[in-house]
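Please find the structures below.
What follows is a pair of complexes built around chain A, which joins chain B in one and chain C in the other.
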Partner chain A sequence: MSAAPIDLPRWADTALVPLVSVAAALVVAGLVVLSIGESPLEATALLLKGSLGSLEGLGFTLYYTTNFIFTGLAVAVAFHAGLFNIGGEGQATIAGIFAALACLWLAPLPGILLVPLAILAAAAGGALWAFIPGYLQATRGSHVVITTIMFNFIAATLIVYLLVEVMGKAGSMQPETPDFPKQAVLTPIHELLGAFGLKLPSTPLNTAFLLALASLVAVWALIYRSRLGYAIRTVGANPRAAAYAGISPARIIMVAMAISGALAGGLAVNEAMGVQHRLVLDFTAGYGFVGIAVALMGRGHPVGVGLAALLFGVLYQGGAELSFDKPTITRDMVVVIGGIVILFAGALDGLFRRLVASVLAVGRGG
Partner chain B sequence: MTSPHPAIELSGISKAFGPVKANKDVSLSVAAGSIHGIVGENGAGKSTLMSILYGFYEADAGEIQVCGQARRIRSSSDAIAAGIGMVHQHFMLVEPLSVVENVVLGAEGGALLKRGIGKARAELARLSQEYGLAIDPDAIVGELSVGLQQRVEILKALYRGAQVLILDEPTAVLTPAEADQLFELLRALKAQGKTVILITHKLREIMAVTDRVSVMRRGEMVAHVETERTSPAELAEAMVGRRVLLRVEKSPRQRGAPVLEAAGLTVIDERGCETLRDASLTLHEGEIVGIAGVAGNGQSELLDVLAGLTQPARGVIRLGGQILNAADRNPANLRKLGLMHIPEDRLRTGLVTAFAAAENAILGYHDDPAFGRGPFLSPTLVEQHARTGMQDYDVRPVDPALKTAKFSGGNQQKIVLAREIERAPKVLLVGQPTRGVDIGAIEFIHRRLIALRDQGVAILLVSVELEEVMALSDRILALCGGQITGEREAVATDERDLGLLMAGVSERAA
Partner chain C sequence: MEIVQTLAVILDSTIRLSIPLLCAALAGLWSERSGVVDIGLEGKMLIAAFASAVVAYHSGSAWAGLGAGMLAAIALSLVHGFAAITWRGNQIVSGVAINMLAVGLTAILGNAWYGQGGRTPNLEGTARFAELELPLVGAIKEIPVLGPIYDIAISGHTAPVYLAVLALVLTALTLKHTRFGLRLRAVGENPAAVDTAGVSVAGLRYAAVIICGALCGLGGTYLAVSQSAGFLPQMTAGKGFIALAAVIFANWRPWPALFACLLFGLLDAVAIRLQGVVLPGIGQVPVQAIQALPYVMTVVLLAGFIGRATPPKASGLPYVKER
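Up next is the complex of A and B:
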């Protein structure tokens, strides 16, 4: 007899459980900090100050948040179709290659054409790289978890080859493309607001952030308001019922994977077109994997994904500041803290659901 | 061999799941060495009560006494230690293992199997002899018939030293003959001093085999009677709290033109077995054709292939005189052509339980332009549609936003029914329309089906309830081993006649 699914009111499921998870993660992370002889309270204060305490820190935080929104949404959309897409890294890599090719080949075009085309190219590249595992899953039953991981490796090797042998800058030893044309670069937010007379410190935050916010709304509309989203959720929740309803699970798997990959492509848009202004090696830097935690924590709902992405943005930026201010808390330590949050928010989720459920039951006097 | 104490004495048992009170102050006394029936509608709390007795749930209040001793039963191992065994409706067997391996499962007796198996083999031989339970200890469970698998379950419980045996809807999967054998076995167990608690909703069985019967309604015990002193009608009334029609009143059929014709349908499953062999049938407008058969004899395959969920290896299907090609035979297209399907298993196939009721009310019809504009669905339109359907079909509560899993079985079934019937089908395939549905809802569903037939819809009815097939159908086909073994006009047959057809006794031989 398997354990009965724990039923929670919606507010508890979507808000309370993640909050309890984060709180528990912070307590454990605090113990880790304590164990190396530093004050957890001071560390927390530094972390928050570094990420949210200044306009510069906030800019960096939102820049990281942008990446997490894209990769979190990518994982979330696949989740709704019952798929575990852990190939965000590879999909973003291919998206970066597509975007770079568009930016470099279509260099004569004006920005108003070039930017949308390059973004579309990125989306198409990511979609292609996720579609293939989706196709294999739908027609051959090859599990996407396995194939998307393998596709990460293929993409990682492919980009090395391309940057070294094909797309690299002439006469340079660096594995990177030449700079993109000026009009292909996404406007930094500080320049954008500077035009309105607002003076902001220079940060990597660029208009890709707005694209990320738009993606949150678009994914919400897709999943909860569209016929396709209905079909995706049906396949994810009950493939038999989907087949009965005349929805082809195979088709939906391919479509959902393609959408998922296109969203992962947003990571390449932010990094290559918004920050680096060229394609460099390893620009995905693990954001694709963290997207899994973001999606888990956000319960696959765009609002949750947005909030979880912000949390991880705070952790990344605050953590960098923290390791700068406190040499004893190294970069690796910050990775440990991030890992603890992922562990609690993702893997140990069930633990707190049970706890929250029994606390609520007591609260109701039941 | 009757002991002075009752075998089981429950007093004041209460159990709530959130706001739902599944058991309210329930008391029950089961005499040692008797067969005690518990009847009640679905959701009346029978299963909850037995789950409390078997340690799946702990009661919020109340006391359990086993043979006069108060016991706390917090897990199934506590229950087994107290001498209580349970045979579940869905068997808890490991199919690739042998009978003896299944019997020792959970009581292996040490890290090495050999000794435990040897002991079990001897014990099995003894039990088999004592109760006339002939079974090969080395047979692979997955290759046994359902009736024999049930025996393995019973042996398992006896092997653990069960003095009290709880059987949950044991005859749901059996042929009438197998059910009779089971009753023989239960009587033999009783003769040896064992106590049997039989949970069922089939009043015929209660009358046939039990000594006493307790009736539950809405979480409460409403009657305890000696079986001899009651009647099915009285029990049915106690179950629902008012008189119900066990027979369905229907006018003579007005049979029209043939609508759905199938010829030589053969289905081969992924293991290469022929699950449906050369089946031919014709559905006419305005008639209900029932399929009689023990579960697993090709009914599901027949429904699936007609509904376009699987493709036949051979055979022709015509709808309204037109031959359907493989490309036409998909659920979406068949719905457009007026062939609707109420699937056998609403939870696994007919509904997405994680969805709100409103979302389930458009399952299969989410592309209908009536529910939104362009690629989008309008929550308001979807909800209005569901509300209307729920009101028409008396779904309670009328809350389109409520998660479907939170409705009772009967109300879930009505959501499916509303969805498929409101679209004015030409052909309606119905699988197990009243499985897990309370009596009140059964009546409602039966009346709706009859009304549809009177409007000229062709209905194919598959049900494991022979009584239901006989009450509703105009014509009955019997299925056995994937083959149609006979056809009868409903008025010209009886349970025994159909039982023979269902058992595959060929018409010529009979």
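Up next is the complex of A and C:
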């Protein structure tokens, strides 16, 4: 009982199918722009100029890219184990709480100790919030999808409670923690390169971007070059075969979820420690969900995730600039594009594979 | 008599808060009983809330709004069906896409059309559903206990509330006592058997997702055109997911779904009432704890610590004919 497999050359499968589905998604987005009476071409030009046309725009683009790399990798690692982690938002929220606690409690420590500890705390928080759903699926049979959805909401109510009642800054009307100590703040890239004599405009881009790039490499090594990665992919492909091969699917599910959650914690590192320098409500801002689009578009491979994250970084920054010039096109456009990419590259994958396959067949004269 | 009054008022707000949950839960129940998992209930309610508010505003008719809300939600349902049934795509992925599409589209269109940060203009007069007074209120009102409950809690709701109750009864009867209902349940348990009997699996599943869309439409319309006077960005605020939890709680059965929705609605009503209130012996209960309760309870239930959740056997699995 399996669907008739559609055979595609490897290059078409890994590059052409995602490209075609993303192109189709952009066309649909263009239609939405048309329907509200704006020119899609003009919008695209403004978008590209705003995101890549200046060093400042590029800095913002890469800052958003950082968030999408983390959430995209989180979803991708779970995908390899055959799991669908929709809980990136909740995991990043808990990671933010852990990082804030570390930054505030360990404030006397010097930066060289405090920063790594706070990053580890964020990873641990994210990992914990993903491990529990993984544990419940592995041992109690409750599905990760539903549990992670519920955990998103539990995390959302928890952070409101903590920021309003427990960790909130005294005298502030905003639900936010006091500012983190200075040495807990990640160095902005323009300051880092400024030390070498390079003058860059001030942007939120910070060293969390380097951490994201390192995570891309680390996830590649983990998934494709390590024993654990092999076990993860085997469980994802066929849990029963994995069990016969002596791999415990239950253990791999828990480990993969924990790694996935830890990666989602990177979002909190970039936002709380890199940009806001305190914990604010709703800092996850939907990045976790867009991460699903990033992972699907990138076919779960770190190179693809990196490129897809860059695309969404461009859309996010370009969209912000665009909405200055064209107030009718708000940044919600990115959410629409994300949704269509998820639909086309994820759920309608079969349709696009069929399309690409028939076009290729025509090209070969078949 | 004071306490009866209070109880009736709490029951009244419980019903008001449960109705959107009930609509979405019934919607999810139809879809999932046919084997199509739907985590896009939230998005469909949101798009329905938006479409109904827009049409009700321009036409001045709440009923036209209801029609538009249902059509908008059915349109998204068909997208889900196209991906999940025709192309056998991943149903979770499709549901996530639908939720994001709804959030983005309603915000963009609302902002582009009305420029009020995504809100639609205020609905007035016939553009909103009027409160209906049930028959015999005048006579029954004077009866102790029952009277106030009938007067305050049961009577005086708007048409969508009574439509939702009607939908519940029809859902329960159709699923249990009709041939269509039997086949629909069968297609969620063992589609191959239904196929062997010569009934179209895809046809039944499409019927189920369309009904699902119509019910989400009712729920979304209630939010925008009855409970509020217009659309607000993200006004569904997770209700589609609480409904999903209610379906699980009810073990995919209609009447228990009503009680699950009433329970979650009651929690919501209590949370609003308890804001800032200090309870003797307990102290101040954080509102967030009550708000998180439905989610926590669902996790605990799914993990099998209380009762056992048994979803339809074929739910989430695309059907492929044996070749």
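Methods note: the second predicted complex is superposed on the first by the 346 of 366 C-alpha atoms of A that agree within 3 Å, B and C clash if a C-alpha of one lies under 4 Å from a C-alpha of the other, contacts with A are read in each partner's own complex, and residues count from 1 in each chain.
As a working rule, a residue touches a chain if its C-beta (ideal position, glycine included) is under 8 Å from a C-beta of that chain, and two chains touch if they have at least 3 such contacts.
Everything quoted here is computed from the prediction, not taken from an experiment.
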Inset, instruction - In the overlay, work out which of chain B or chain C sits against more residues of chain A. - result: C
Inset, instruction - Classify the contacts of A:A118 with the two partner chains as first (chain B alone), second (chain C alone), both, or neither. - result: neither
Inset, instruction - Could you say whether A:I69 touches chain B, chain C, both of them, or neither, answering first, second, both or neither? - result: neither
Inset, instruction - Answer with first, second, both or neither: which of chain B and chain C does A:I342 touch in the superposed model? - result: second
Inset, instruction - Examine A:Y161 and indicate which partner it touches, taking first as chain B and second as chain C; both and neither are also allowed. - result: second
Inset, instruction - For A:Y230, decide between first (touching chain B), second (touching chain C), both and neither. - result: first
Inset, instruction - With the two complexes superposed on chain A, say which partner A:A100 touches: chain B (first), chain C (second), both, or neither. - result: neither
Inset, instruction - Kindly classify A:Y244 by the partners it touches after superposition: chain B alone (first), chain C alone (second), both, or neither? - result: first
Inset, instruction - Name the contact category of A:A221: first (chain B only), second (chain C only), both, or neither. - result: first
Legend entry - Residues on chain A lying within both footprints (that of chain B and that of chain C): 1
Inset, instruction - Under the touch definition given earlier, write down the residues of chain A that touch chain B in their complex. - result: 1, 7, 221, 225-228, 230-231, 233-234, 237-238, 240-241, 243-247, 366
Inset, instruction - Could you please specify the touching residues of chain A with respect to chain C in the complex? - result: 1-4, 32, 36-37, 84, 86, 136, 140-143, 145-147, 149-151, 153-154, 157-158, 160-161, 165, 289, 292-293, 296, 327-330, 332-340, 342-343, 346-351
Legend entry - Residues on chain C engaged by chain A in the complex (per definition of touch): 39, 79, 82-84, 87-94, 96-105, 107-109, 111-113, 115, 238, 241, 244-245, 248, 286, 288-289, 291-292, 295-296, 298-299, 302-305, 309, 318, 320, 322-323
Legend entry - Residues on chain B engaged by chain A in the complex (per definition of touch): 16, 18, 56, 76, 307, 309, 330-333, 335, 341, 343, 348-355, 359, 362-364, 366-367, 372, 375-377, 379
